[in-house]
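Mind looking over this structure? Questions follow.
Labels run A, B, C and D following the written order; every chain starts at residue 1.
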Amino acid sequence: MNLSVRIGSLTLKNPLIAASGCFGYGTEYSDVIDIATLGGVAVKGLFLAEREGHPPPRIVETPAGMLNAIGLQGIGVHRFIAEKMPELRARGAVVIVNICGTTLQEYVELARILSDVEGVHALELNISCPNIKEGGITFGCSVHGTADVVSAVRKVTKLPVIPKLTPNVTDITSIARAAEEAGADAVSLVNTFLAMVIDVETRRPRLSNIVGGLSGPAIRPIAVRMVYECRQTIRIPVIGMGGIATATDVLEFMIAGATAVQVGTANFVDPLIWPKLLSGVERYMERHGLATLGDLTGSLDTSAREKEWISS
Amino acid sequence: MDVAAEVLSNTHLSSDYNVLALAAPDIAERALPGQFVMVKTGDRLEPLLRRPFSVFEVLREQGKPIGVSLLSKKIGPSTHLLFDAKVGDRVQCLGPLGRPFAPVVAPDEAWMVAGGVGLAPFATLAETLRAKGIQTTLYYGARRAAELFFLDWFERLGVTLQLTTEDGSRGERGRITLPLERSLKARPQSAAVMIYACGPEPMLAAVAKMAAAHGRPSQVSVERVMGCGLGGCYSCVIPIKTSEGKPHHVRSCIAGPVFRGDEILWQ
Amino acid sequence: MNLSVRIGSLTLKNPLIAASGCFGYGTEYSDVIDIATLGGVAVKGLFLAEREGHPPPRIVETPAGMLNAIGLQGIGVHRFIAEKMPELRARGAVVIVNICGTTLQEYVELARILSDVEGVHALELNISCPNIKEGGITFGCSVHGTADVVSAVRKVTKLPVIPKLTPNVTDITSIARAAEEAGADAVSLVNTFLAMVIDVETRRPRLSNIVGGLSGPAIRPIAVRMVYECRQTIRIPVIGMGGIATATDVLEFMIAGATAVQVGTANFVDPLIWPKLLSGVERYMERHGLATLGDLTGSLDTSAREKEWISS
Amino acid sequence: MDVAAEVLSNTHLSSDYNVLALAAPDIAERALPGQFVMVKTGDRLEPLLRRPFSVFEVLREQGKPIGVSLLSKKIGPSTHLLFDAKVGDRVQCLGPLGRPFAPVVAPDEAWMVAGGVGLAPFATLAETLRAKGIQTTLYYGARRAAELFFLDWFERLGVTLQLTTEDGSRGERGRITLPLERSLKARPQSAAVMIYACGPEPMLAAVAKMAAAHGRPSQVSVERVMGCGLGGCYSCVIPIKTSEGKPHHVRSCIAGPVFRGDEILWQ
């Protein structure tokens, strides 16, 4: 069955993408699964330079979710290209590099560098990391900031440019529209929700960073709504994510309007989730007689619901 | 290796400690002392994430490995579910994971320092060491006598025991670092000894520093909150000393959980 | 033990308030518990006129939460005063009336009417209902809208004025500050998060209104963060809510900065939750040797966390 | 009345139907035919909300009420937990709640129309009616013969059965409204009859309209998604006809679940 989807000039063999920061640099998982079977791999957010990130504790579990404040620890773009890309290329992974800058210039610089790297298939602009001040969130929370980063990066790369939007805004559609108008090939949403957990016995935050980003099934209904809103507003593809843990969740995002989806937290719970999600989607397509995923994306039926004979 | 392991038995050692025997031949076959498994209890959203547990025993039937057991202490949702697990239930186990302990070679001695549930990795390590005829001592501290487990088992294996309890109800009163320090002082520099430690981090720090102070090598198994166990999330980091001096965060799930005591920058 | 707290001129015997829309008009629960033992009862959102609300289905369960789109069905302020207030007075409930308007005038009118009603202790301004367009959300999402409603209501009433803030904004602290400057006696937060759930088999929204408001434990970490942020920003009391289901959750909100809390969704799960929450808070106060709740509110310790001997 | 009711027994009737007997004397004592309980299965966050279930049987020991049973059909998390519940488990039950069926008085006849799990409220109603010597007929439709339950029980009670299955494997093939309509046509206007119905809403609508068309009164028990069961959330509303014509939403948990068939504005 053909489950391929198009994101700008890029064709993914299926709509399942490993979410950035939840799949290391991809190489960590190459013994666990064949990473070439994924639609794509969004690698951990990269800055130009190496970063140590926040001190631990960096995560804490919450009702049906988790909070993280990793602080974008990473090896920096140069070591990534030298140490990780060769294996990713060799394994045939579709690499989407998630880039973070503290300045507009840094995004541009990263985009320039990565555009010449064989095997890099797209750039995801992380303008939405909630737990470091410099993490581009300053850009991602405003229409102008988003437009500035996207158009600046657009100018220097032929790679698909995919700004990743934060849900911590009053109106995500205005940000999505700004991204589209600035030349984005797609938008991905959502990043995590700024949140916190307190240990009442010690009266201290459970994360060293005090606040962190909420992910997992808990946020799914909000993320689905945002994908739906953006689908109504923009024409470019929406890559949806936020709490996907089953094939049903993948379908929910696609019906709401996602062209592809990313899975983060659920990959921690089950690193072998990918084939399960894929076969679940396939079975659904067969059962509903759908030929391509294009028939599914945005197919939400908002006409009045008739009653079913539910209990018989 | 992710296995839906069937619960073979669940032995309650106290009101909060239990040993869970799980059918997992493939994990049992590959597990090395100090390695761990990522455990998902129940198919619900709470607990959402897996939790790391040391392989306590490798279970064998006529010599061939059939499964592993976990020594668990109840502190939250996952360990509650493990405590309440019934024979026949299934527990999802991913592993074996992480860097194991490096065994010493005779005539070096091995001193294992365990704090509370930190005993877990030392059953398999002791077996390996004793099989190689290595002189092995277990320094084992707990809150009270009732929480010192498997003493006979270690003795039968020929492991010398040094016990402490915080309330003095068994062995020496106080923390396990007391007898350890005495032994370190007493031991002639000529006689090599490797110190293995697992337990709460302040204990690990104390042991590592003590070992270093006496010019002894140490291997410590650290406990960090782990989101994935595979190197994917960067939640489990621990600061390591670097040449430039400024600490470097390494992922304890893949670079550890066992580290050289002198590598770690103890807070 | 003295668990009383002050909200402006109002003193509550304890910090536990039934959240608006989750406790009917209060009278529905008078056979289940003694509603006078609650710190307060925030009654269902009232408009001037009666409303039929949205067609069912109006709720759907989500991971660790629920979605609702009731659409503020209600009997209107006049019938409320005539039919419900007498019993609420007789039972000694501390009544906080949650008012909703489609226009600024309507809020003012409601405030005028209710100010003269014996037994009405405070006004909670619902400028944050996410699932009806006219539900004041237009006010609540902007600094100016919030300031306008609050100052207009402030002029016509001596009752404590408590605007209820929406979490669906980029910066809740700016809204909170606007409310404070406009003369609010306290702010309550959070209302629900705009969200949606899709039935993938029918490809229809699970709610007739398509979108609804997410509540319950799932949102707690976000709500706690917002309470914490507002506590850092304003001086007036913060009434915190969002996913409170245990005494520990009550404490978490208070440590984050809440002076009082509201409980909504959890009251559906366990209508007898109130004494359990109260005794849990009392036991904690004793264990930690705290004399008054004032010692607890905002007592979050953000200094570096030292390690504990956790597994021994 | 909120009771942590102990599971006395759990009888599986099929792969998705079960009867759960619960120890709840106080609820049993007060429950009237057609009333329901709000059930919380497990102390976890999923399922989060309680679910409404009709009181199926009132359990007695030497005549005195000791508990109630639920007839449950597996469709989601709560009903799965009820299906898998073990003897000794506890299930939180709030009730009895809602407006019961109003029994008729002889010589009027009673016709109970049940669709699938809609059978639940009719066991207690039948007992009440038969105790008053009222001629009672059960019109009972299901998907297949294997899902027609407790037929002997109703017969022993002296209830006349009219059965249909959608696949014709037992009784008449098709929906239950077929035999009902025939009976309505056949019955002389002089002989009074009250029609009680419980089941999927389209069935209730059909029955209510059919009854009205033949000048017969009806009482229907509606099923709406309920958040609280106490009138607190306004989730369970159903549109009622009003004098002004425009529909009015009433809460089926307190104004119902039993309504006069002609009150409801059927979609």
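Operating definition for what follows: a contact is a pair of C-beta atoms (placed from the backbone, for glycine too) under 8 Å apart; a residue touches a chain by one contact, two chains touch by 3 or more.
Not measured: the values here are computed from a predicted model.
> Chains in contact with subunit C and with subunit D: which ones?
A, B
> Could you quickly compare B-C and A-B and let me know which has more C-beta contacts?
Pair with more contacting C-beta pairs, B-C versus A-B: A-B.
> Need the CA-centroid distance for the pair subunit A / subunit D, whole Å please.
Each chain's C-alpha centroid was found; their separation is 47 Å.
> How many Å are there between the centre of subunit B and the centre of subunit D, using C-alpha atoms for each centre?
56
> For subunit A and subunit B, let me know how many angstrom lie between their CA-based centres, rounded off.
Averaging C-alpha atoms per chain gives centres 36 Å apart.
> Out of subunit D, which residues touch more than one other chain, so two or more?
45-46
> Listing for subunit C: what residues touch at least two other chains?
57, 63-65, 216-217
> Just say which it is for the chain contacts: an open line, a closed ring, a star, complete, or other.
Its topology is that of a complete graph.
> Considering the complex alone, what residue numbers of subunit A touch subunit C?
Within the complex, subunit A touches subunit C at residues 57, 62-65, 67, 141, 168-170, 193-198, 200, 202-205, 208, 210-211, 214, 216-222, 224-225, 228, 243, 248, 251-252, 255-256, 284, 299-305.
> Which positions of subunit D touch subunit A when the two form their complex?
Listed in rising order, the residues are 45-46, 73, 75, 115-118, 141-143, 166, 199-203, 223, 267.
> What part of subunit D is in contact with subunit B in the complex they form?
Contact set of subunit D toward subunit B: 44-46.
> Enumerate the contact residues on subunit C facing subunit D in the complex.
Of all residues in subunit C, those touching subunit D are 21-24, 28-29, 32, 44, 52-53, 55-61, 63-66, 68, 70, 73, 216-217, 245, 265, 267-272.
> Over in the complex, which subunit C residues touch subunit B? Could you list them?
Within the complex, subunit C contacts subunit B at residues 63-64, 306-312.
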